[in-house]
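Notes follow once the structure below has been shown.
We just call them A, B, C and D in the order they show up, numbering each chain from 1.
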Amino acid sequence: MNLRDIACRSNLALAESGLVFGTFGNLSIVDRAAGVFAIKPSGVPYAELTPDKIVVVSLESGAPVEGALRPSSDTPTHLELYRAFDCGAIVHTHSEYATMFAQARTPIGCMGTTHADYFRGDIPVTRAMTALEVGADYEANTGKVIVETFRTAALSAEEVPAVLVANHAPFAWGPDAAKAIENARILEFVARMDWRARLVAPNAPRPDQFLIDTHYFRKHGTSAYYGQK
Amino acid sequence: MNLRDIACRSNLALAESGLVFGTFGNLSIVDRAAGVFAIKPSGVPYAELTPDKIVVVSLESGAPVEGALRPSSDTPTHLELYRAFDCGAIVHTHSEYATMFAQARTPIGCMGTTHADYFRGDIPVTRAMTALEVGADYEANTGKVIVETFRTAALSAEEVPAVLVANHAPFAWGPDAAKAIENARILEFVARMDWRARLVAPNAPRPDQFLIDTHYFRKHGTSAYYGQK
Amino acid sequence: MNLRDIACRSNLALAESGLVFGTFGNLSIVDRAAGVFAIKPSGVPYAELTPDKIVVVSLESGAPVEGALRPSSDTPTHLELYRAFDCGAIVHTHSEYATMFAQARTPIGCMGTTHADYFRGDIPVTRAMTALEVGADYEANTGKVIVETFRTAALSAEEVPAVLVANHAPFAWGPDAAKAIENARILEFVARMDWRARLVAPNAPRPDQFLIDTHYFRKHGTSAYYGQK
Amino acid sequence: MNLRDIACRSNLALAESGLVFGTFGNLSIVDRAAGVFAIKPSGVPYAELTPDKIVVVSLESGAPVEGALRPSSDTPTHLELYRAFDCGAIVHTHSEYATMFAQARTPIGCMGTTHADYFRGDIPVTRAMTALEVGADYEANTGKVIVETFRTAALSAEEVPAVLVANHAPFAWGPDAAKAIENARILEFVARMDWRARLVAPNAPRPDQFLIDTHYFRKHGTSAYYGQK
């Protein structure tokens, strides 16, 4: 399967995940050797998506190099993230609870092992973008403010593969499309739980970092012991 | 397809949208050239709806001109809206979260880009209706209080194509039936998010107007660049 | 169809309504001319329910007169309600939001027209039952405390066809099984909306009684004008 | 059917219950006469689960005695519970509301008869585990802290067949796999109701112990009178 086939199939998998509403949301995958990434076309309903409608974009120039349709309007955001983060696929959704946290300008707190199995800490929220950043190159600047968020807080994009863009919505990523979708699904799942816990127990103690690390590294890295070898 | 066929099919699409509960809800579409609109009959279960049961009503007199059944009891509300607003279709539902905001007498706040992609600002709530307004011509007066709400606040019915009637439920509209249903669905979606954000972060800063406008005009008007040309 | 057939079919309709969880819940219908009511047997999964398993109970003695199985353990509650209220069918569920209001000892407020279309006022909660009432004839006493609630507050069981038993769950009723189930469904629907409105706007003004009455009587009584003649 | 067949079928039933998200969750059943229990392998998707993939573990040594795959990483927790509690099956899930209560470090309160029909009191939360307990033999220590919770509070594991592990998730158990799953389902159901009741009525009076006992013993023990003999 070539890149556009995988991108098409993965965008359809995203649509089936329940994370996207209407035409909100898109997924891209990168082929770093070829210097390109493949992304959903803008505003095309998932039901009508076929591999030939997928747009291939140059990592260097940001310009489409394959496909007749316009790429997702969020393409420049994906481009900035691929340039800054070492990931293989990026998912953008307006999934309900994660988007709501973005609107509430509130990080999704790492309050338990479900979260720590996937993310080694809170999911950060970007700062609000300025009038200048929104006024021109808005989508590229969205990517830049995400990267700034990780740099400023010294966060690892590998250990925390998701972000909330203030008053907008989440982006999640991973080594491949399946992992990026899984991260987006878990993000929504832990967002639901953190929201409810905050309402009923706003002063609940946070889990110890050693509990978070034990769970994170039970599933990630060289000493992982979850699953089959 | 004639007006009654489209109205029937669109009412069934509304029923499948998950926005209506039981027989609550109705949809109408207007043919301004012909001076009529077509609307669901009153209290007929969606499962039994056929084009011949759709009622056609005169925009001038408000009287049925085609169809043997009684039109929706909300027909006079639709009539007032068609007379005041330049729209092609109107949807009335008791969708859960939007109706709840109507009961809470609380506008649905424009707290993010999901909302701004469809509505250029908060969804307003009408004032409570008086005993006189409720006591006679109740449904026509419901339409009038909606129009008053937009006039008083100098809102554009095109830019904010939805309203909450106090202690009642939402109405949404659009250039055609599909867009009106889509607006009603997004209304419910953003209502869910705003409700949750208000609970967890009652003092969250609102998004800047330039962010709202960028998203609204990315999808509407002559400089829109979302989707395919 | 005889009484047991209708009771079986109606219990299955209740199971499909999404209001019952596991074996929680039961429905009965009365034949006042025959002096009996038919009710679900105790603890039988809905999937295994057949008309011959339905139990017919005497309105006078409260004893089973037809059927080999034990009737629902809530049978004495149904009996008390049939004796006191002029209704044709009774539904008991542990539907989530209504049961939660019963646990919260909080009436479901009539906050809008959706509620008023079915119930002419708040859904009351019984007082807590005493040790004596719980210690013997518990289920009959449950019915008695419901009747007491309506008598004490001078409520009409016809106009408010539902109640919350404190720390237990709702009962709803109606002229026939379909209406009783519909009332139970609307009860759950308005419970969800009232719960959410209370959280976001605890001080929201209540709707005027004339609005409630207009909606209630639009659908009930001799001046009703909703639906087809 | 042998133990691995039942364990496989029961894990699939658990997957269909809606309580597990992704590969979170596992179920084991014990054969005390044979001195073994059968448990889900680690990280295997439910869709790929077959009886030969189930791992059989010795109650005495805790070591696998049958099956080529690694057992669930939570196996030592199950082992501790089988050693301390007289139960036939154990279910671990990350079901949303119960897990959220674990993150909120808040017991699920016994606020009504739905809860009391299955659990004779609140569902306790363990204390947080120490760095030492998490650092080595983490999963066995999870079991030990559960047992400690029951011992310290003098709770009966038979009367309260579930627990919340702080910042982790619930475990539930029962005399057999079907009952353990049912307990896990009711746990989630009452968690949803208690969470909502706490938000809307934080000071609601708790039900009297005699009401709880009447319901609990209506379904359990020698004087039970619910269901068919």
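Details
The rule is simple: a residue touches a chain if its C-beta (ideal position, glycine included) is under 8 Å from a C-beta of that chain, and two chains touch if they have at least 3 such contacts.
Because the structure is predicted, anything quoted here is derived from the model rather than measured.
Homomeric contact chain C/chain D is classed as different-residue, with under half of its interface positions used by both copies. For the two copies, chain B and chain C, the CA superposition rotation is 90 degrees, given to the nearest 5. For this pair, chain A with chain B, the centres built from the Cα atoms lie 33 Å apart.
Annotation: 47 Å between the Cα-based centres of chain B and chain D. Listed for chain A are residues 199, each touching two or more other chains.
Taken pairwise by the contact criterion, the protein chains form one closed cycle in which every chain touches exactly two others. Every pair of chains in contact is given here: A-B, A-D, B-C, C-D. On chain D, the positions that touch chain A within their shared complex are 21-22, 24, 41-44, 69-70, 73, 94, 96-97, 99-106, 128-129, 131, 134-135, 138, 166-169, 195, 198-199.
Looking at the complex, you find that chain D touches chain C at residues 111-114, 182, 185-186, 189, 192-194, 196-197, 199-201, 204-205, 207-208, 210-211, 214, 218, 225-229.
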